[in-house]
Amino acid sequence: MSDYTQMWSDLGLDLKGHDALLSVLGGAYQDIFLSQKNRPEGMKYFDFVMSEVHGLRIKELMDAKAQGRIVVGSYCVFVPEELILAVDGVSVGLCAGAEFNFEGAEEVVPRNLCPLIKSAFGFKRGLVCPYLEASDIVVGENTCDGKKKSYEVLGPMVKDLYIMDLPQMKSGPGRALLKEEYAKFLTRLEEKSGRKVTAESLKKGIATVNAKRQAVKRLAELRKADPAPISGLDALLVNQVFFYDDPVRFTASVNTLCDELEERVKKGEGVLPKGTPRLVISGCPMAVPNWKVPFIIETSGAVIVGEESCVGERGTRWLTEAQGATLPEMLDAVTERYFNIDCAVFTPNPSRIDHVRDMFGRYGARGVIHYSLQFCQPYLVESGPVETALEGSGIPVLRLETDYSQEDMGQLKTRIEAFVERIHQG
Amino acid sequence: MSRTVEPLINDEYTGGPPTKRVLARLQEKRKEGRKVAGVYCGYAPTELILAMGISPATLCAFSNATIEAAETVLPANLCPLIKSSYGFIITDTCPFYGLADVVIGETTCDGKKKMFELITDLKPTWIMDLPQVPDQEEAITNWTAMIRKLEGFLETTFGARTTDDGIEDSIRDINRRNAMMREVFEFAALRPAIVGWREMYDLTFLAQGSSGKDMEPVLTEALRKLEERRDGGYSYGPAGAPRVMVTGCPVGGDAEKVFAIIEEAGGVIVALDACSGFKPYMTDTAEGTGDPVRALAERYLKIPCSCMTPNARRLTEMTRLIEKMRPDAVIDVVLQACHSFNIESHKVGEHVEKVHGLPFLKIVTDFSLGDVEQIRTRVEALLESC
Amino acid sequence: MRTAGLDIGSRTVKLVVIEQGETVLTRKGLTSHDPLEAARALMEGVNYDTIVATGYGRHLLKEHLDCPVISEIKAFALGAKAIYPTCRVILDIGGQDTKAISLNEAGEMSKFEMNDKCAAGTGRFLEIMAAALGYTLEEFPKAALSAGRFEKINSMCTVFAESEVISLTAKGAARPEVALGIHRAIVSRSTTLLKRIAPSGEVFFAGGVALNGCVETLIAEDLGRPVFVPPDPQMVGALGAALHALKSGGREDATP
């Protein structure tokens, strides 16, 4: 590994804190990912990306910036990557999954907030996230109360925070608002980058992101096989890297991985024996390095075959229709695509239940684990009706609420094991 | 020193919870054949509802008793107001909900908006998509459209009708009500205070769903009594008592413990800066604009609720109120798990301390009594610093 | 065949040996700081063909003795069904966990709920509160039952509840009334879990806290449903594990 110390200190990172974070991350990665058996060869690329997630990839971002490209950081899948690519910008996800510097976070935001938000503040105030520090513009979107109000606090702490408003209902005015917001965002991107969006550049942006989505959809498709050709942990990792990596290279690497998995499926090979109980996980997004629950699941005799989450199918299942030749037409297509996203911040949000039910069937799952981050009211409240509806159609559901700490590992393990036992008997 | 004076509202409900009085009035309206719309929030356009001949009834509940029942369905980490309201509904014990023919909700906070999903099958329910960035042009347009849609919903549900002139009249009527309410608050600004929180709360609670016409006799009488108190040299509370302004989430019922603690600690509450207090009466709707619904949209979007972002108006309105009421300390009451007020408290605290140089205390609480002693210790310490 | 079940809980370790459907041996010890040692001590001189472990320390035993494990939720379901074949609703309040389990017609586990991570409303909570009031664990429920009224305890966090109890007694509240308040607080926590998964039916009440007569009475009152406490409520999990060992012959590992 090269020495990136200079780059990190140029970015203004706190080197001591950053070292501490990296060593925890490295250790966890070793224990959780590298210890898995029968891993596909194709995962080596992702291991490499993870080992260089604060190194080479940041170097690439810095190089891109040196060439006059902008880096745009965001916290939600409602921020359209197509538009960022259309100004030749680089899109990076900033969601954080580590319990790091929560004390620092709690000086400015309440303790009773979802760990995703606290982690973002912990990273910012601890100066340990090179993606955040490298971002020329950070996009905050008005989704849940926690994020919406926290951006007001984040504003003065970052270089350039851009707030994007979102509707809360899927109504006519809601769609119009979203479209208007995307148009404004595009203008902002043009100003920031000094580049004009053309029909051509947006078309290319759409194609690039669609290809990336198509690749993960292909991966998802392969997970239908029993035995599962890839662990849920590894598939989750691919979905996580989705937000950091260069899109074209990422797409190629996922496709290479899929070629290998296709072979596996043909030969009937898998990571765990055929007949291992298969689970779909549904709920809040899991950001790197939040691997706790999938790790417990896959060390408790089950395998995860799908993620109904924004780091998963909710974020990737829709493609942007490659329609229209003019900018406004394409912007319409982008709006339509994003307007589908069935995040629990919307009310009502019925298509999410249908999608979970559909995934359950499609992937031959035998149960659903509903995952809520502590204090995330949209998903916590929605978990009730989701459970009732699914159990009503005979689908076993386990509801979990947890944060990033390790304290409840034992409890979670007991519940998950019992759930697997319940599935076994059925 | 305080003497006994005649209460501002002197009826059989005086001294008891203000809900009883409001309930009795609603029941009367019901008997007259009026329909009742349950509302949950200061954003419900009272003027329109009244113009259509419908009576609004506030459904926000402040009782600890129903929370346990609510928690069999809702997550524990939710604001007690939402849990209490929902608990009343599923145990079928809320008389206001019982009276309501329809329910009107707004997408204010995550908790409420998702809770509404759980009650939509029970009664005809209409949810209004509330903009979150009030200063954008789209916000006014969208909220105008939402109010129009609400009108359509009430028309189809009840066959009720109104005209723009009818709405305009209702605007004038409510403006008059609000102006009279503000006159009452002027008396609360006097030093020494001549009115306590309970009497102000009785009025703000009663006025919420009432027309100006209904409120006029009550307010005229109250204003007369206030003048008498002032002229007679009456003072409320101990001499030299520190004046406290309470801001934040709506407070009522079991959460009134906070008010009680402040008074027991020797303070006097001079301003209730919440939707349960002064907030609904602080702004007027523009009259004679020719587009009364748009005027309503503009007025409602001026409510400085924490569900808006950035909610700069909260601070400017607070400054106005502080300058008028001249408190010696500000207490921000945040209901447990109310993310928006909780996060905003950081800014509010800085504003109060830095801009106004006043001591500030944030209290996060729920409807139980478990934290009374803790709160008391902190309130006492705050008042000692005044 | 002689099969054994070992339940390593947070406070106590329990061992049950069964032969031909009969319980032939039960033993109990404290978990202490070294659960493995505590388990070994308990198994000292006991003969069996196969053993299955359960409870919060089950994986420790799996590592060291290479025996299969099942979750305590399943163990309680199996044990309860053996003791009371028609039961459909199980409540287990142990040292640090509260679990509510519902069974389907076939007696298989259908839903379960567990308290979240704090110790609120568990055996440990009772112990701390008894100590704060100066009662032994035996005196505590009796005192509570003797009270005609109760002091409401609002906080379910162990730390806050303890200070609440102290401030109540400082204000001169009668100890038995505070004791009753604590018992009621625990009961409402547990019944909320129960109501989520099993809105009706008789409750099979197990775990260490089932020995507390006051909790039992209050649960029955609160739910308006009969409550059945087995003769040795702490042994239900270990019995379930032993039964599982019998069924699987110790070969099949439910949760590898």
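A few points about this structure:
Letters A, B and C name the chains as they come in the text, with residue numbers starting at 1 for each one.
Criterion: contacts are C-beta pairs under 8 Å (C-beta built on N, C-alpha and C of every residue); 3 or more make two chains touch, one makes a residue touch a chain.
A quick note: this is a predicted structure, and the numbers were derived from the prediction, not measured.
Of the two chain pairs shown, B-C and A-B, the one joined by more C-beta contacts is A-B.
Centrality by Cα centroid goes to chain A. For the pair chain A and chain B, the distance between mean C-alpha positions equals 40 Å.
Chain C has its Cα centroid 46 Å from the Cα centroid of chain B.
Residue positions 73 of chain B are each in touch with at least two other chains.
Chain contacts: chain A has residues 401 touching two or more partner chains. Residues 152-155, 160-161, 164, 167, 188, 192, 195-196 of chain C are the ones touching chain B in the complex. By the touch criterion given at the top, residues 68, 71-73, 368-371, 373 of chain B touch chain C in their complex.
For chain A in complex with chain C, the residues that touch the partner chain are 300-301, 391, 401, 407-408, 410-411, 413-415, 417-418, 420-422, 424-426. Considering their complex, residues 56, 59, 70-74, 97, 108-112, 114, 116-117, 254-256 of chain C touch chain A. The touching residues of chain A, when paired with chain B in their complex, are 108-110, 112-113, 142, 144-146, 148-153, 155, 163, 165-169, 171, 173-174, 176-177, 180, 344-345, 347-349, 372, 374-375, 377-378, 380-385, 401.
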